[in-house]
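Here come two complexes built around chain A, the first alongside chain B, the second alongside chain C.
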Partner chain A sequence: MGLQFDASPDEIKLFLEEAEEHLQLLEEDLVRLEKEKDNQELLQAIFRAAHTLKGSSATLGHQRMAQLTHGMENILDKVRKGQLSITTPIMDVLLEGLDFLKVLKEEIETLEESDVDLEKILGSLSKAAAGGQTASSAAEGKLATIPEGSTAVTEVAAAVQAAEPAVPSMALDWDEKDHVTRGKKQGKMAYSILVNLAETSEMLSVRALLTLMALRENGEIVKSIPSSEEIEREEATSVLHVALISDRAKDQIVHVLKELPDVVRVEAAPLDITREEAGASAPDGVTVAKTTVAANEQANAPLPKDETPGNGNGSAKIKDTKIAKVSRTVRVDVELLDNLMNLVGELVIDRTRLAQLLGALESKYDSNDLVEDLNRTSVHIGRVTTLLQEEIMKARMLPVESLFNKFPRMMRDLSQQAGKDIEFIMEGQETELDRSIIEEIGDPLIHLLRNAVDHAIEPPEERVAKGKKPQGYVKLSARHEENHIIISVKEDGRGIDPDKIRASAVKKGIITEEVARRLNDQEAINLIFASGLSTAAKVSEVSGRGVGMDVVRNNLEKVNGSVEIVTELGKGTEFIIKLPLTLAIIRALMVSVDSRVYAIPLGSVLETIRLTDGQIKEINKREAIVVRGRVLPLLRVKELFNHQTRGVRESGKTFVVVVNLGGQQMGLVVDSLIGEQEVVIKTLGKFIGDVQGVAGATILGDGSVALIVDVPSLVKKVVKVG
Partner chain B sequence: MTEQVARVEEKQFVVFQLSKETYGVDIAKVWEIITMQPITKVPHTAEFIEGILNLRGRVIPVIDLRKRFGLPQDEFTRSTRIVVIEISGNTLGMIVDGVSEVLRISSDIVEAPPPAISNVDADYLEGVAKLEDRLIILLNLDKVLNKQEKIELENVG
Partner chain C sequence: MPKILVVDDAAFMRLRVAKLLTENGYEVLEAGDGQEGVDQYKKNKPDLVLMDITMPVMDGITAVQEIKKHDPNAVVVMCSALGQQTMVMNSVKAGAKDFIVKPYQPEKILDTIKRFIG
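This part shows the complex of A and B:
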């Protein structure tokens, strides 16, 4: 079923971004709350996130989402008031509610209505909430029937009336007064209208906006308190005060408003803009004729039964504390950042170019004043460019926290399901990484963590039998190391048994028995990255997502990362993931083949070897060399990239660049080594598309274009053939 | 009638030489015209893709229009130019033998393309402009690099 929301795409986008943030926050904080039951501040933060979410989803018109958040908010409110205490069942139902919220949020993205059983979760939420109802429940029960009994409505209306002076002044500014005067000159009336909305309404902002819309249909709104912007920002209150110019009679307008859902009371009076004009224009006389209407037939939108008005007070309090603070941050589209990065990339290239030109000029004109000047300017531009590059790189960085945050919840659920006692530790969440890399490493990390819980950590009894602590640990940490970010997933579980891997790989036909015998332990362990190999006898719900370790490695390689395993049988395993700081600029080893220049990402280069005649051997009809007792398959870049140079075989001076990829090594044969350089990665563009063995192109200092070698695809090619 | 009037419109065309023929492309699609530059070959791509070049910091693909149209090969000369065009969001360069002029061509002298003309598939043609002394073949650039072919190109890699 298709869904439609009454909001512009931009508004929806903004809502989604915010909802994502709030959901994230809720998740983290709820898991934390389970441990820190008495943390009031935390509770407030959770409450606030739920409340904001409720408000914004209601504004968007996503009623089910608003209802659900409302149900969760009720429980939270009770916890806050000490009427409920945090227990595992309460946490479970809250977390379940959160999962439903995520599904509902996705509805907005897909515009497809999901088949979530909202009734059920709402039922368990209200049951959970009711569990804590104590002395106050009677009073709340009475108030909860408000929408159904008109007597109660009158009571509320009366209460509101007592609290609020009837139709207070609007404090119009000069412009607004002018607006009113002009309206009056056209023979229209000006009204000051006070609308009271049911405070228990769960969608106050929507109701307020509807009211404004209804008024707009009947005239011109000169001013409203709160303004429609404020209402959209979720600052709606149950009282709406509007200055309206209209050619309709007062009663007509009042009648229209009265018809709206959740409108409790409407008061309208002719607007008295200034004392000077008083009497001259107000047709109904200066004395304010009050019309009070208790909307009797307003039960159009019955509220859910478990609705308690307690949250009304709560939300008012929150609003008070939510003082409009000017944010120091700006939301920026990632694409904009990408464009900026590209532009800076161009500057970086030009900087190199400028320096080269300057060199040429200097040698030609010696110490000409102009050249000197140009030199100074060039140096300055160079410096500014470097700074700009650094700053923009920084702008693209996000703390890994944004990714890590969802893990505690996941680990909690996973350990519960697996019946294991696991302490989950996170470190270095503040470590920053390019956001495009963060996007790519989410799945691999989830997979590694799932594996840790599912396969690595033993059940408590088994751990005790082995003489370990019954509680195992999984530690996820991030840190900066030289030009890389290291993310490690470490646990104290079973460890990986190389013999088991060997046996499994042979059984599954990935390698032959003979090969298996030749592999050293590390090589055998690296086999877990081969596709089709899984040592777990059974695939559980947890790890049965169809993502294998091969996908883990592939994903990491996509962002020029690598993964390494350190394991000790019986003691535990550590996966060490090495990632570049950024994707846009990498360090590369520049090589040349037939006077064409290629860039090989330095991250995958192990060493370079100068070839001597006769060193190349033919093994299995493939060229290879033996380095320190290891056979290294070779790939000639010339052949790989179809260079059409005839006859010129190596003149005795050839180099081999040894590249490494997840333990697989091979050599690339090139003519000469040029040196290391920072290169800006450019794609070949849609028109050319993906080219095997080429990761992209880069522009060199002299303006020419060099191809960047895609090491992972080459290694895979060679390994597959071999 | 109004339709007829609307059709007699002048459009500007960049006119270039290719083999022995004269071609024109809509000036609105032409980004700029540059002299021949060093072009980096890209392996495993269609034959008519000459490679990539650096256009002020952007890497753009360059195609050899002679090869694209299956015309006889020739050496690049001093007059060889790269016409940089933009079609459907892609910027790319086309190597042509030489750019001669920019002409205003009014639509009433443009005729529908004959079924087959000078080895160039009729699909690529928008029409033929008949000037007093010569014919100018007007290219439909979107067709020259239509989607179908683009997909094939990607598969080549």
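This part shows the complex of A and C:
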């Protein structure tokens, strides 16, 4: 079933962006709340997120989302007020609610109504909310003594409704009468005014207070039923009876009142105090117009704030910096950033071309003033371009927090399912990484974390038997290291046994027994990245997703990253992932083949070798060379890209670029080496699409195009054939 | 053109209200939290403020107090969700002139604004 919302696509987009942020916040903070039960600030942030989602979804017209968030907000509100405490069942129902919210958010994305049934979750939410309510509401009921005069209010109200048009007179005490008399002496009129508010009006008490305030602007309130204190205690009814002295005419006042929202009926009559009996209360000179004075005082008194009193200057300063930070933030579409990066890439290319052209001009007209001028301008443009490039790179950076946020929840659920006691630690969430890389590393990290819970960490009994603490830990950390970002997944579990890997690899036919014996331990451990190898005897619900460690490595390599394993049997394992800062610009080794230029990402280049005649051997019908006793399979770039050879190159002038990919090495045969260069990666475009062996293209200083060699796909190709 | 300051932490809500108001001939200023709202008020002196209550940095009630301190004649209308009566009450006591309950009905917003600034 299709969904329709009363909002433009732009509005929906904005709604979704914000909803995503709120959901992420909820995801992360709810799990944190379970540990930091007393963290009020955290609780407030969570409440705010649920509350804002409720408001926005109701406005968008997604009633189910509004209902669900309302249910969650209800519980959070009670926790906030201390009527409920955070328990595992409460957390479970909140987290479950969050899962449903995600589905509902997807509905808005796809405009397709999902078949989720909210009945059950709404039921559990209200049940959970009621859990704390029963006790406290009973207590409240007992504590709340019936306020003075409130019986009178209802009686009056009832009387009014029975005898409709008449304005009932009002019993005034001695002070109040005195107040009226003084007013009359100043030439003012006294009125008894009856205001009926709509029964259906939202927040009746606030409406009553506002009505009272409007009256106050038109005169002095001698008395009101209910009193302003009662109204402020939210005990208003839909009937408001006021004794007012004013210098305005009756009709004027009635007119003002009738203009107010939710006012359905106004009756006013002159107030005759002589008709009233003073017997209602004894004279008491001190309580002159008690209600109004009290109300005014309350209105002027500062409200309780949660601000801590202290050094006023200091706190003001903190606030200042906070606003500055907020108001300087702007939302930008990722696509826009990509486009900007592309445009800067063009500029970088033009900068190089400009420099080349200048060189040509200078050699033609040396020491010409115009050329000099052009030179200066060109240098300046070059500098600005570099700065622009750096700034845009920075804009593309995102703290890994956005990715890490979802892990605490996942780890909590996984540990529970696996029946393991695991402390999950995160560090360095603020570390920044290019957003396209962040997108790519999500799956690999999930896989590594799942593995840690499922395979690495032992059940508590087993850990105790081994003399370890019953609670294991998994630590996910990110940090900056030179020109790379290091993300590590470390645990204190079983560790990886190289002998088991060897045996398993042989059994599965991945390597021969002969090869297995020759592998050192590190090499054996690296075999877990080979496809088809899984050491776990049983595949659990958790890790059994048909995704192996080979996919982990592939995904990381797609973004020019690498992964390394440090493990100690019985002590634990650490996966160290090394990622480049950005994908848009890489350092590459430029090579030429048949006078065409190719770029090989420097990250995967191990070394270059100059070939001499006869060094190339044929092993298993494939070309290879032997380097320091190791056989290195070769791939001729010329053949790879089907060059129509124009001239046969002389032998003896060939180079091999040795590339490495997760321990697999091979050589690319090229004609000559040009040198290292920073290249801007450009995609081949939609028309061409994916070409095997090509990761993209770049434009060189002279305007010609060079292809960027896709090392991972080539290595795989060679390994597969071999 | 009358100036209206919309203070809400949800950009989505601001967008909705801003659209409605601009279509009806108001100039709209926006702020994403209470503190920003107060600053905007001091700087631009809008004719009316639509103020959300639950916001980060500074909530709507505190913001009303701050604005009122700066300009006792300020017209602030609270925008609240159902169930926030106590908070709306406190805002009114702090000087807010009226309130609107979310989800907004466009006519209600416009009526309310017209009542104060025509």
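Assume the second predicted complex is superposed on the first by the 515 of 722 C-alpha atoms of A that agree within 3 Å, B and C clash if a C-alpha of one lies under 4 Å from a C-alpha of the other, contacts with A are read in each partner's own complex, and residues count from 1 in each chain.
Keep in mind that, in the parts below, a contact is a pair of C-beta atoms (placed from the backbone, for glycine too) under 8 Å apart; a residue touches a chain by one contact, two chains touch by 3 or more.
Here the structure is a predicted model, which is why all the values come from computation and not from measurement.
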{"item": "Which of chain B and chain C A:Ile457 touches, first, second, both or neither", "value": "neither"}
{"item": "Which of chain B and chain C A:Leu25 touches, first, second, both or neither", "value": "neither"}
{"item": "Partner chain in contact with A:Leu14 - chain B first, chain C second, else both or neither", "value": "second"}
{"item": "Partner, of chain C and chain B, that touches more residues belonging to chain A", "value": "C"}
{"item": "Contacts of A:Pro261 with chain B and chain C, given as first, second, both or neither", "value": "second"}
{"item": "Which of chain B and chain C A:Arg596 touches, first, second, both or neither", "value": "first"}
{"item": "Touched partner set for A:Asn642, first chain B, second chain C, both or neither", "value": "first"}
{"item": "Residue ranges of chain A touching chain B (in the complex, touch as defined)", "value": "345-346, 349-350, 596, 640-642, 682-694, 697, 699, 703-707"}
{"item": "Footprint of chain A on chain B - complex, ascending", "value": "38, 40-45, 49, 51-54, 56-61, 89-90, 92, 145, 150, 153-154, 157"}
{"item": "Of chain A, residues touching chain C in the complex", "value": "7, 10-11, 14-15, 18, 45, 47-48, 51-52, 54-56, 58-61, 66, 202-203, 205-206, 209-210, 213, 232, 234, 259, 261, 298-299, 302-303, 305, 307, 319, 322-323, 326-327, 331"}
{"item": "Interface residues, chain C side, partner chain A - complex", "value": "9-13, 15-16, 19, 32-33, 35-36, 39, 52, 54-58, 61-62, 65, 80-82, 85-86, 88-90, 92-95, 97-99, 101-104, 111-112, 115"}
